[in-house]
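These are the structures, in structure tokens.
One chain, chain A, links the two complexes that follow: it is found with chain B in the first and with chain C in the second.
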Partner chain A sequence: MTPDEIAAHLTEATGAAERSDVAHGEVSVWVPNDKWVEVATHLRDCGRCHFDLPTFLTAVDLEEQGFEVVLHMYSVRRQHHVNVKTQLARDEPRLPTLSGVWNGLNWCERETWELFGIDFTGHPNQVKLLLPVEFEGFPLRKDFLLMTREAKEWPGLKEPAEVEH
Partner chain B sequence: MGLTDKVNFPQPAKFILNWGRKYSLWVMNFGLACCAIELIAASTSRHDFIRLGVIPVAHGPRQADMLVVAGTLTDKMAPALKRVYEQIPEPKYVISFGSCSNCGGPFWDSYSVTKGVDQIVPVDVYVPGCPPRPEALLEGILLLQDRIGKESLKEHYQRREAEEPEPAFTSTVPIVVGGGSISDTSIRDE
Partner chain C sequence: MAVTELPTAGMLPGGPGEGVQVVIAGEELPTQEMTLSIGPQHPSTHGVLRVVLTLDGERIDTATPVIGYMHRAFDKLSEARDYRQIIALSNRHDWLSAFGNELGVALATERLMGIEAPERAQWIRMLMAEWNRVLNHLMFLGSFGLELGAMTPMFYAFREREDIQTLMEMATGARMHFTYCRVGGLKEDLPKGFLQYSEVLVKRIRHRLLDYEGLLLGNEIFKKRTVGIGVLPGEVAKSYGVTGPILHASGVAEDSRKTEPYLKYSEVDFEVPVGEHGDSFDRFNVLYHRIEQSLRIIEQVHAKLPAGPIMPGKMPKYLKPPEGWTYVRTENSLGETGYYLVSRGDTKPWRLKMRTPSFHNVSMIPYLLKGVLLPDLIAVLGSVFFVVGDVDR
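Moving on to the complex of A and B:
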């Protein structure tokens, strides 16, 4: 299916797509939190979609707009992509786990929990994967303080976008 | 350890003892990142640190004389480095290879990287670079061998017993390949 056809199909079949956007030849579909597992199960089981490879799951910190959880999907048989996204509130972000739909997302969700502090309810083993167990805080959140940078600004050249004119 | 930690040998005996030690350094390769590739390159035919008596890939830390920390040490990996270091029998020496293991390097502001392995183990020679060329490691090895040649083993053991977390050569400052010194406060305070 083409990106537009995937978006139309998801709207029609699940009734869950809030909006969609095509960029770089891939479609992103935003779904509400409570349809998250339902949409993922549909992507796996529907013969037209046949998404059989969950490439990645991560989150984006949108600051005051909360968090956006992103699921990258690929179909090896049909050779098409979809990015499923959902937005979460900033206070106590919580989402049902997809590790029951795809086992492979288990570690992706652990990592997202550990680095962004997003709680995946029903996750079988939500313990730290990459960081030391004593680590406090969620380092990929934008409000996480890097103490070294607090003490000293980046001493080298800045990115063009960061330079104040 | 027998006599070596009790007796100050006369100069000819010390020379021969140290000469034997400095040209038979078994390396424990603690390769953590891209610097490990340069370390391996230094051991292969073009640079060939075996001609200096440095024997790559000890069978394990218990058979090693020297630890080369090459690469980015994270806080999660740090206990493993400490354990490997403690398993190496005395006399042992540590070379910190590359900017990451010297001071955190490009990960200077990271939440997970240990900024300097000298927080974990005592370092004898610092090799700067990102990554350093194999020649830089060769110079580091030569500087280390030079110091081993002049060392008194009795004083070495006495220092170790007195203050464990110290470089082997506390009477002199740790070496930085290419000049300079981390103990030079005028450099550090700038």
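Moving on to the complex of A and C:
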């Protein structure tokens, strides 16, 4: 399916899409939090979608607007992509887990949990993956400061764009 | 057992060997599970990967990879860097496919900014990416043999790698971290004599590949240790997000150079080698044949390389991609390397997510090791080709 067809199909079949957008040949579909698992299961089971390869799951910090969780799926058989997105409130961000739908999202969710502090309810093994166990804070949130850059904006004499080649 | 059912790392006994008792098991005596920690410093893990095993006799019951020893916060660091600097950062984590990683950053930034690299730059990028692929695969061809007790292939592989690194050094000035890509094109044009040496090397390596075939692929001992070991069905591979040679070995010919050609891959002729059974031998075999295909592509680039500039005429002083997002996928040496780039119109990305193949490939290891005999662990781990820096980022 083309990106536009995927957007139309998901809006129609799940009745869950809030809005969709096609940019640079790729489709994004925003769904509400409570339809997250339902939409993911549809992506897997629907014969027209047939999404079978989870590419990645991550989040983006939108500051006041909370977080946006992004799930990118690819279909080997149909050779099309989709980005399913959902927005979460900033205080106590929570989303049901998809690790039961695709095995490959288990680690992605653990990573997103430790780096953004998004709680994936029902996750079988939500423990630190990349960071040490004693690490505190959620490093990829925008309010987690990169201390070296706070101490000194840029250690070089010039910004890279100012260097004459 | 699915990964979801695995015990957490925190629930495992504290240290290696803790709680282990030697029990002479008779018919009526109960046996006890044993926990064995492999790594982080173990030759078969190619770096600092740790695998915690629970053993039932010689058989592996569960395997839990413990990663993160080399986490270098690529995502966070790139939020504090200019797009040009990110290129130098992105080729560090997977030290065996440096050029392939730079390429993704450049392509993602170009797509958001609406720039297209000149023809010649695209062809040279393809040439470099394929040489990098050969460089990467040779490393694994050699090290897999070494892990199974064959020392010679490692020396052979390094002999060939040395030649290719000399070639890459001619153009880029570096042996490992090339930093040759630029947003918009390339750092410099190819130096004099590069293409001639490149042609010589293609012939030399193609000839020497026969050595590997004789030493390993036709070797009875090698076959005995790898055929039928660590079988990975295609459906399972896909559900874990496994890509690249490991997915191909399971019979799924998904390669973005074919399905969504970027650069000039649609203008060259090559095949995607696939395996039948998805066992360790197939994974090795696919890797071997991928080198041949890469050499084929390199030869076609030699013939078709057009003249012209390698950077667009005028590049903005400050790279400020307009507000938006994109996901660029490239077929890197070990699978799909992708960059999910979110820009807010600044000189630095708002968010840059790096999707690496090794991360997903290693997350599948618990499935592969379940029920495998301990001596086969090496044959299985060695055939799930991964770079630890690429896992941890």
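In the analysis below, the second predicted complex is superposed on the first by the 156 of 165 C-alpha atoms of A that agree within 3 Å, B and C clash if a C-alpha of one lies under 4 Å from a C-alpha of the other, contacts with A are read in each partner's own complex, and residues count from 1 in each chain.
Convention: contacts are C-beta pairs under 8 Å (C-beta built on N, C-alpha and C of every residue); 3 or more make two chains touch, one makes a residue touch a chain.
Keep in mind the model is a prediction, meaning the values are calculated, not measured.
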Partner chain in contact with A:G100 - chain B first, chain C second, else both or neither: second
Per-residue contact with chain A, leading partner among chain C and chain B: C
Contacts of A:L130 with chain B and chain C, given as first, second, both or neither: both
Which superposed partner A:W30 touches (first chain B, second chain C, both, neither): neither
Which of chain B and chain C A:R149 touches, first, second, both or neither: both
Partner chain in contact with A:P139 - chain B first, chain C second, else both or neither: both
Intersection of chain A interface sets (partners chain B, chain C): 130-132, 139, 146, 149
Footprint of chain A on chain C - complex, ascending: 2-6, 8-10, 67-68, 71, 73, 75-77, 79-80, 82, 84-85, 111-112, 235-236, 238-243, 252, 254, 259-260, 317-319, 324-327, 329, 336, 338, 340, 342, 347, 350-351, 353, 355, 359-360, 363-364, 367, 392-393
Touch list for chain A against partner chain C, complex: 23-24, 26, 28, 52-56, 58, 60-61, 70, 72, 76, 79, 81, 83, 99-100, 102-107, 115, 124-125, 127-133, 139-140, 146, 149, 159-162
Touching residues on chain A, where the partner in the complex is chain B: 130-132, 135, 137, 139, 144, 146, 148-149, 154
Chain A-touching residues of chain B, taken from the complex the two chains share: 75-76, 108-112, 115
